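Two complexes, one shared chain (subunit A), two partners (subunit B, subunit C).
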Partner chain A sequence: MNVLEVDGLTVVLPGGSHRPLVDGIALRIGAGEVVGLVGESGSGKSVTARSALGLFPARSRVTGSVRVAGTEVVGLAGEALRRLRAEQAAMIFQDPRASINPLRRVGDFLTEAVRTNRGWARARSRDRVVELLGEVGIADPGAAMRRYPHQFSGGMLQRVMIAAALAVDPMLLLADEPTTALDVSTQAEIVAILLRLQAERGMGMLFVTHDLELAASICHRIAVMYAGRIVEEQPADRLFRAPRHPYTQGLLAATPTLPSATGGAVQASGRLVPISGRPLSLTDTPPGCAFAPRCPRAIALCTATAPDLHSSGAERVACHRADESVGAGG
Partner chain B sequence: MSLEAQGLCKRFGPLLAVDHVSFSVADGGSLGLVGESGSGKTTIARIVAGLERADGGSVRVDGTDRGVHVRGRAARLARARQVQMVFQDPYLSLDPRLTTVETLTEVIALHDGGTRVARRERVDELLDQVGLGDREAAALPRQLSGGQRQRVAIARALAARPRLLILDEAVAALDVSIQAQILNLLADIRTQTGIGYLFVSHDLAVVRYVTDHVAVMYRGRVVERGQTAAVLAAPRHPYTQLLLASVPRPGWDPTAVAQARRALQANNASEEPS
Partner chain C sequence: MSAVAGVSRFVAGRLVSLVLTLLATSFLVFSAIHVAPGDPESFLLRGRGVSPEALAAVRTQYHLDEPLPVQYWRWLSGVLTGDFGRSLQFRQDVGGLLAARLPTTLWLVGYATVLIVVAGVLFGALAALRPGPVDTTIMVGSTVAAATPSFVAVIGLSAVFAVTLDLFPTFGNGEGFADRLWHLTLPAVALALSTVGLLARVTRSAMLAELGREHVEVARARGIPPGTVVRRHVLRNALGPITVLTGLIVAGMFVLTAIVETAFGLSGLGSLLVQAVTAKDFPVVQAISLLVVVAFMVINLLVDLVHPLIDPRMGRHDSRVLP
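After this line comes the complex of A and B, so read on.
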């Protein structure tokens, strides 16, 4: 069963002079599956992730369909929307400090979710929260509940946020750059916790990140976004070995790597291959492929018409020249 | 030596943020200062730049001691131009009301003086060096992309003709495709100008592309140093090994990294007199 089904999702800001924030997104996440959504700033990955909670930019025009465990989210409002966010999907954000009330004790913050959504009594909620804090690896849950957010390190606070997200037993976990603000060795801890809990509970997880290597090492499947569209989707290992879209190839070539990396040869010169030019701004609305101005393989067709996302087997790619570029990865 | 730091110490209240740290940057060399938050790397960068006063130790640039007070405008300017700094977020470090040309002209007028024509020539030279065109030259910071703004910040630092450039997480806020452009730009500028770099970063993979030596910091101390390639290929200190293992890559095992981290922390807790 799919816990998330997105079809033809298009979000347009009011005004009309902009290209859509996201354009024709289609995405599936099965129960127990970890799917990565990778792209640079402004590519639309966060807009896509937030759509699963019915969080759309103010006054934007939304078309298409987003179903979480069968429930249609587009157009959902009031009590039904509240129930979706309380019971079916939960989100973890990049900066835990920006998403928790600094004036309230962590215990109050955590029990509130259980008490309001489940209607449990104080003692039962407390027991549940202690259990959750234990699951995310906080050593003394009782003491942790009495402390304030500023008394936690970034990594510890992100564990608290994970506990809060899991308090409602969601079927879909949305993780929006959950480790980007953390130190690199802390990142490993948080990722390990997320993956363990995701597997134990059989949740579907959408992992949003700008870090292709991170996505490749933890996700089953990865969708790459550029300028509001999914340009490529493949099983994680294959995307890394044999990227089909020139943008994905460019991203991989531009990513600094360590010499001891096990996958692939690393050039000795220590010079990166950047992608020329810069990402499209929202006001740029080229008729053709959004990546064409930066693409080393672009031909006349690319600047004239936008390529569709073609599926074959487990992979999807939106490139006029995808069939020629097999194995030509950078 | 373009930079020699000896026995730097800095205490913030009960915290010894920098604990007897010494290092040097050869003429035209590039030293990476690597560590996680709280390791003391930014405090060191700020001490070298003169934004923070060390409790102990000395910083010498081109043989002159930067801890000694100087008097008079000329001496202060000479001192200021020796070391320039590029910060993580150019949006916060550029004046939002000045165009690129105005930003650069201000620095050139201060340090070089010269005629209007000479200043404009120097501006063009700098724009050329960092790869900015006419549109970007006339633009305000908000009209530029993140990568372009960082190019302006680099040009502004170069405008003073420094001996040493401090780059504090200078590419950390940039998207990967743009980050690669800036890393290559930094490598080119060092080859062309012979300016020394002190490159402060949390990112070992990035350090590999801009530095030839690296010092790894942990809790205010340098725990490992050496040639960047050698340290990255065969790290000796457990903390360096942990940092390297923490970088995601195919086959990466976050659970094993998390265990190694806890073991290291437990080790340190038992060793330290607190």
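After this line comes the complex of A and C, so read on.
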């Protein structure tokens, strides 16, 4: 069963001649599956992830369908929406320090969801949370619960955030750049904790990041977004080896690759090639492919009509020239 | 243990600065009356022409012939032993005079504080949570109320509720709890009216700021019920500015009582101050001024002590960051 099914999701801000924040998104996540959503700032990846919790921008117009474990989220409101958030899906946000009320104890934050939504007694919620804090690697959970957020480092707070998300036993875990605000060594720990808990519990996970390499190393499948659309989706290893969309190719060429730790031929990883030009702003509404102005392989057709997202087998790509063979990299 | 030591060190520090400030202001309060036009002795003599000898005798009796620092020292050592001198117009101890008037003023200020906090926070929260007509109405209302001087409010309130509708008395303190409450309602409303709007505004903007915070959105994303989100995360976090402003308002009200008490014929410290100023009854003026300063500083100290309870980040206890 799919824990997340997104079909034709389009979110438009009110007024003006903006292009949609996200446009015709289609995405599936099965139970136990980790799907990466990769793109630069403003590509709509966070909007897509938040849609699973019914967190749409104020007064935006939403069309299409978002189903979490079979429940339609678009149009859901009030008590039903609250129950979905309390029971089916949980989200881990980018900045744990901003996500936790600084004036209340960490223990209050952790137990709040089960106490208010499940009516659990204080002792029961406490036991549950202490156990979870142990699982995310916080030493002396009892003492940690009595502390305030400012007494924790960012990495520790993100562990708290993960424990809080797991307290409600969600089927779908949404991780919105969960490691971006952390330092590098902490990032690896947090990713490892997330993956371990996801596998143990068989949750579906949507992992939102701008880091294609990170996504490739932890996800089963990756969808790449550009300017509000999914431009390519492939199993992670294939996407990394044989990217088909010029944007994905550009992203990979612009990512530094480390020589493998096991030694071997330390390849000078080549020059980094930035993608030329600027990302599309929200007011740019070109008729053709949104990436065409920056695309090294754009032809006249690209600027005239937008390519559809074509599926073939496990992969989807939206490019007029995807079928022409190219050397990986570009 | 270290938390207790930290707090007591903080309180001790504040008390020292409170005493120093009191000393400085007491000198200002004492000397101000001598800078003001008109001599106390001309009041004592009620404008009667007297011989220079008689005038000198009066000046000696009230120590007005001594240099200012000596007079100040005489007054200060009296104040420290609870002796505020004798009232010139009532011919009795200032201490006893104040003690008789103090309860009315405390009742009035306390009553008005309750009104201000309840109505101010309620209207402010309502305005923050209900954008549109409700918000606009409350904001316009608060502007009108804030722009209404106390003496205008007094006239309007007594005209409508006391004279026309005859619901409340226009005069007197009242005896016992219920009667006192009934007598003090209009004065307390008059006192509260101008500052309720201020508190409502601050509550509104503090809550709006908190409503925009990420942790509030996260709480909603976790399915926490809306009422709980407002109570635990929005209002709770907006308490800082609300407390600070409430402290300032309460302290300021001790001065405003002068107008309201006089208008409603209440015998409190405010009306006594007005009488004493008119009569150049300088020991009374000095004592009341000093009391107002003390009230102001004590309230500020309380606000400072409450603040770490509201925001643990300001706490003087252990705030090491764990690795």
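Operating definition for what follows: the second predicted complex is superposed on the first by the 312 of 330 C-alpha atoms of A that agree within 3 Å, B and C clash if a C-alpha of one lies under 4 Å from a C-alpha of the other, contacts with A are read in each partner's own complex, and residues count from 1 in each chain.
Going forward, a residue touches a chain if its C-beta (ideal position, glycine included) is under 8 Å from a C-beta of that chain, and two chains touch if they have at least 3 such contacts.
All values derive from a computational prediction rather than experimental measurement.
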**OP:** Check subunit A with both subunit B and subunit C modelled on it and let me know: fit or clash.
**Re:** fit
**OP:** Based on the superposed arrangement, let me know which partner A:Gln151 touches: subunit B (first), subunit C (second), both, or neither?
**Re:** second
Original post:
Touching A:Ala77 in the superposition: subunit B (first), subunit C (second), both, neither?
Top reply: neither
Original post:
Touching A:Pro279 in the superposition: subunit B (first), subunit C (second), both, neither?
Top reply: first
Original post:
First (subunit B), second (subunit C), both or neither: which does A:Phe240 touch?
Top reply: first
**OP:** Considering only the touch criterion stated at the top, classify A:Ala58 as touching first (subunit B), second (subunit C), both, or neither.
**Re:** neither
**OP:** Check whether A:Gln187 is in contact with subunit B, with subunit C, with both or with neither, and answer first, second, both or neither.
**Re:** first
Original post:
Once the shared chain is lined up, is A:Met91 touching subunit B (first), subunit C (second), both, or neither of them?
Top reply: second
**OP:** Going by the touch definition up top, name the partner, subunit B or subunit C, that contacts more of subunit A.
**Re:** B
Original post:
Once both structures are aligned on chain A, how many angstrom separate the closest C-alpha atoms of subunit B and subunit C?
Top reply: 10
Original post:
Do subunit B and subunit C land on any of the same subunit A residues, and which?
Top reply: none
Subject >> Sites on subunit A touched by subunit C in the complex >> reply: 50, 53, 55, 82-87, 90-91, 93, 95, 98-104, 112-113, 116-117, 144, 147-148, 150-153, 156, 164, 168
**OP:** Using the touch rule from the top, collect the residues of subunit A that touch subunit B in their complex.
**Re:** 40-41, 154, 183-189, 191-192, 195-196, 210-214, 216-218, 237, 240, 250-251, 253-263, 270-276, 278-279, 281, 294
**OP:** Over in the complex, which subunit B residues touch subunit A? Could you list them?
**Re:** 36-37, 145-148, 175-181, 183-184, 187, 202-206, 208-209, 229, 232-233, 242-252, 254-255, 257-258, 261
**OP:** Spell out the residues on subunit C that touch subunit A in their complex, using ranges where they run on.
**Re:** 213-215, 217-225, 228, 232-233, 236-237, 310-313, 319-323
